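There are two complexes below, and they share chain A, which is joined by chain B in the first and by chain C in the second.
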Partner chain A sequence: MKSSAGVWCAALGVIAAVAITAAAVAGGVSGHEGARAETAAKKITICLLPKKKGLPYFTTCAKGAEEAAKELGNVELIYDGPTDGSPEKAAGMVDRWALQKVDVIAVSPNDPEVLGQAMKKARQKGVHIITWDADAAPDAREFMVNQATGRDIGYALVDTMAKDIGGAEPEGEVAIITATLTAANQNEWIKHMKERLGKYPKLTLVAVKPSNEDQRLAFQVTQDLLKAHPKLKGIFGISSVAFPGAAEAVKQSGRSGAVLVTGLATPNDMKAYVHDGTVRSVVLWNTGDLGYLTVRAAAALASGTLKAGDHELDAGRLGTKKIEGDQILLGQILVFTKDNIDDFDF
Partner chain B sequence: MKRVLGQRPAAVRDGGAGARAPARRSLMLAGILILVIGVVSAVNPAFASLRNLGDLLVQSAPVIIVGCGMTLVVLTGEIDISVGSLLGLLAALMGVFASPQHWGLPTAVVIGLTLAVGTGAGLLNGLLVTVGRVPSIIATLAMLTILRGVTEFIMGGRWITDLPPGIRALGTGGALGVPWCLWVAAAVVGVSVVIARRTPLGLRLYAVGGNAEAAGLARISTARVRIFAFMLLGLLTAVAALVAVPQQSVVESGIGVGFELVVVTAVVVGGTAIRGGTGGIAGTVLAALLLGSIRTALVFLNFGETATYWERGIQGGFILAAVLVDHLVAARQGSGGRFIGAAA
Partner chain C sequence: MLHEGVIALLLILVMVLAAWLEPGFISVGAQLELSTHAFELALLALPMTFIIIAGGIDLSAGSTMALASVTLGLLHQAGTPLWLASAAAVSVGAAAGAVNGIFVSAVRIHPLIVTLATLAAYRGLAEGISLGRPVSGFPEGFQWIGAGTVLGVPVPVLVLIVAVMVAGVVLSRTVAGHWVYTIGGNELAARHCGVPVGRVQFGLYTLSGMAAGLAGVVFAARRNTAKADIGAGIELEVITAVVLGGVSIFGGRGTITGTVLGVALIHELRELVGWHWRRDELILIVIGVILVGSVLLNNLASRRRA
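Let's look at the complex of A and B:
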């Protein structure tokens, strides 16, 4: 018993040591951004739920969200989500926030089915629910803040690839590395990508493979595809983790430039590949603006200035944004190339 | 202690069922592996190319390296399901240690620190299980969550994209045209086999898992043996992190998610009994290769774009089939094995 207690102390000591080291290390990595707005008129609590907390994509969205919260003054912003991307954990967070009677929950659902249940329950409790970044069933939320329609993105990806491959009639085999097979965003994009590929009869889609948000799996699958399909000309990495994994595989195979990789990612993560020629174009929207618009929309909804049937929204520094049905549109796709990518830092 | 040296545990000494079953499983796995490679190569000859077989080995290397350590832990009757999170933590620490934007330490120091943290985590697991008396599945389940949490805290939502060339070379470089990860995997397999089969310590590993009470009566310190196994597994997880993570350009907080399941699958499919006492390294290595080749094979067979949706089903089915066939063979040998032997 005595020695057992000793070990527990030792174990706690080790955990404490790890935690302290981690704190020291983390201090070097990230400064804390604890932006809390001063309470003005009626305080509005907005919860912003990403698909997976910790991905730079969502971290940069959160920055824009904080900016909007600060501007508005009366908004308390809670940014939290599952660090492993688990839809069940995300649903648990929605349940908890609903019990706390927050004003608005903005959800980027990892799994529209699992999250949809929790969102409907929260709505019944009188909490405003919107989606952002990814959508769920229309009856689970009031509005969706849409960075770009699936059609915009799908078409932009295929057009960019066609342009990068070049020629009057771009020719060759292409493959898609997606996030997970159940990711609603990606599936929507893939649908429109296939539609758009019809415009380029000599581009053939030979495979759609999941990377399960694992860079290493994206890397391995790309290695396999390169050998199994020697005529492969292009690879779409359509998640922020699949894209660098696919690019690294092409680079290590020594076929940079011969096999082109394009996809969606934050520009900082792809700069090296754009400069060495593995990637010619990176397709994305301004993630900070997406977070900013989401908080603007959430606050307007809570204060009653945004109602179903409205056609536009005053979005602060973004100006007036169009609303199509229940979709609040951010609009404008950004294509980063080696000529402009260094102008962006996110 | 010395008295134990000459005492081989029953399973090892007699070449009894405990020793024969893993050997049969290994033979069968090797057979299936050759069959898979043969069939897929017939459909798509590119599969048999040296480059692809090389890539297959490289892709399986982390599972093989960590699988060796896991086999020894499972042999003692314990399990460690925290290795996926430990791999993620070690990747993050390696990134922070090495990245010029953070600590920018020299490569040798980074390697030393990473190995030390891995071994330390293994020690912690071992102490929790032995002296703390927490069942290993619970202790390491907790560690699975804790270590991932620490990793996410360290990374703070950012990626490390500036691994210095010295560290990247561990993942992308090699000697004599063979990547470092394969040299390392070969060395790890060699050392693990020697430990398991040729040293007193190995015999104790089997003894502790086979019958801890008897091992205790034979004055084997079961706690020390188990702590050793956990520490070795931690060390090997660090080794895997060092040679596998720098293959990629980005270090992010999700590295290693689900890795523990792949490793445990390789160990169990490889014929090591989950209750401990029987099994071996060879089976784990073959199972790791088989698991890797099945995924790759499905890409080369090119069932078309919609086939993606049932790939995981096929992968699981393969695992189940391999184990079922093994049981059927075992059952037949059990009842009619001698008959067949006599007839031949």
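Let's look at the complex of A and C:
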């Protein structure tokens, strides 16, 4: 009997330890919870789900989202996502939020199928679903908050490269390093890039190579390209992994400035390359504004001011935003150069 | 029994806490719907219990799941009837497990090394043959396996109940179950006593692969997707649940009841923390603390007994 008493004491110890951990990490949140219950009548609960929690890209989106929630006043914003980027965990979160009958769930699906299934189930329970940053099947959500259309991005990439190469008629060979050959976003951008290259007849596209979202492979592929095409003038790295990989390869080859690299990535990843001249411009959108617009759209949807078929959305400090079909467009490409890149920290 | 009692008590306390914090969470409807989240974890934990009691380990379960899933997806895409594609997926899982079994039982390589190698190899194979492309668009009838209900109870849960009962009976009431404990207690002694050690080990790893194959099929039905990156890291969750349930990582000790309680505790904690605090990082911390706590408890208990 004596021995079991000791074990029970230890059991209580474990419980206490768990309680303390929970309280320590989530103390602030649980206090917030209590406040929610009092004003539950008017509150709109919006869940913002990133592809992966903890990535600087999404953390800065969340900052903008919080700003919008504060401005609106009646919004309780929940920002959570899988820390390991697992689509299954993300789907589990959507399931739980739907059971809790939140008002809106805004999803950046890291797997459109796995998340799509959970999103459809949530819609059947009467929860508003929108996507942001990345899309799922149209019947899984009501709107998508689109940071930039494929056309915006494709054109901006080519125009930026043309400007960086310079001259009235920019001239030279260019190559694209993409994510995977099947990546939907990237293929859409490449289509529009090819279209835009028509405007610059002396820029010739000599290769499109996959990097399989592996920075080392991007590095290797770029080295091969530099060897195979000695007259190469520009490289597009069109994923956040391909871009730094390509820049590093050009830098190590000692041809910084002679071969220009541009593409899509977060400013922090590219700052060093921008300052040493390997990269003149980094193309992206304002992530804070993306989060801000998402919460604005979600709140409007929950309160009934945004309905299917609308052509405009009042987006607070961003002004009026255009809606094309079911796509709410942020429509602001941001080009980072050595003059402004240090103003952004993500 | 003592350890199971402690875990059961912890589980009850978690549910009481849940009832107090979030009455909606402990409703039957919510619990039934959330229960499907634990399917893969629970199903894989059963053969893992046998394997760990027998002194082994299987790290390749998640990768085997992916391999089976990809098999199902590609066969479905090629027009194979789904029952046949599912059977093939489960068979591929069993074959993958059998390969582990051969290396452990006949070649006599340590299971940690064997399954560490196949953890990588099976995932690579799955990625390679699927080229990383997911397959979806399974018909409603097939999705019923994962998302359907019978009298309100999700089908995967019914599958689990049957699997748990079979596993419980085999481990505690059959000669094979007795062999598993004997091997885990002292493999050399077991050999001398005429226990067919190799055959039992081969059988256990094959069974584990088969369960992983089934998990891959049910996952495809549950989320309408077959692809190569499912189940990544699930082997560690499974081992955590099994150890939490009181199975000794050194073999020789443990029960299916304990494993079921361990799985239930992890599942309920995970869902409650996600439901109430909505912080994914917190889930990992809580599970880590519970695991260390329970192992400390186990040590304390066995020291007192000794």
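Here, the second predicted complex is superposed on the first by the 273 of 346 C-alpha atoms of A that agree within 3 Å, B and C clash if a C-alpha of one lies under 4 Å from a C-alpha of the other, contacts with A are read in each partner's own complex, and residues count from 1 in each chain.
Following the convention adopted for this analysis, a residue touches a chain if its C-beta (ideal position, glycine included) is under 8 Å from a C-beta of that chain, and two chains touch if they have at least 3 such contacts.
Keep in mind the model is a prediction, meaning the values are calculated, not measured.
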Touching partner for A:305 - first (chain B), second (chain C), both, neither: neither
Which partner reaches more residues of chain A (counting touched residues only), chain B or chain C: B
Partner chain in contact with A:100 - chain B first, chain C second, else both or neither: second
Touching partner for A:340 - first (chain B), second (chain C), both, neither: neither
Partner chain in contact with A:182 - chain B first, chain C second, else both or neither: second
First (chain B), second (chain C), both or neither touched by A:241: first
First, second, both or neither for A:88, with chain B first and chain C second: second
Contacts of A:332 with chain B and chain C, given as first, second, both or neither: neither
Touching partner for A:53 - first (chain B), second (chain C), both, neither: both
Shared contact residues on chain A - chain B and chain C: 3-4, 6-8, 10-11, 14-15, 18, 22, 25-26, 29-30, 53-54, 83-84
Residues of chain A touching chain C in the complex: 2-4, 6-8, 10-11, 13-15, 17-18, 21-22, 25-26, 29-30, 33, 47, 53-54, 78, 80-84, 86, 88-89, 91-93, 95-96, 99-100, 111, 113-114, 116-118, 180, 182
Chain A to chain B touching residues, read off their complex: 3-4, 6-8, 10-11, 14-15, 18-19, 22-23, 25-26, 28-30, 52-56, 58-59, 83-85, 181, 205-210, 212-216, 219-221, 223-225, 227-230, 241, 244-245, 247-248, 252, 268-269, 272-273
Complex contact set, residues of chain C against chain A: 2, 6, 9-10, 13, 24, 29-30, 33-34, 37, 131-134, 136, 219, 222-225, 227, 230, 232-233, 271, 273-282, 284-286, 289-290, 293-294, 296-297, 300-301, 304-305
Chain A-touching residues of chain B, taken from the complex the two chains share: 44, 46-47, 49, 51-52, 55, 59, 93, 96, 102-103, 120, 123-124, 127-128, 131-133, 146, 148-150, 152-159, 161, 172, 244, 247-250, 252-255, 257-258, 295-296, 299-300, 302, 305, 308-309
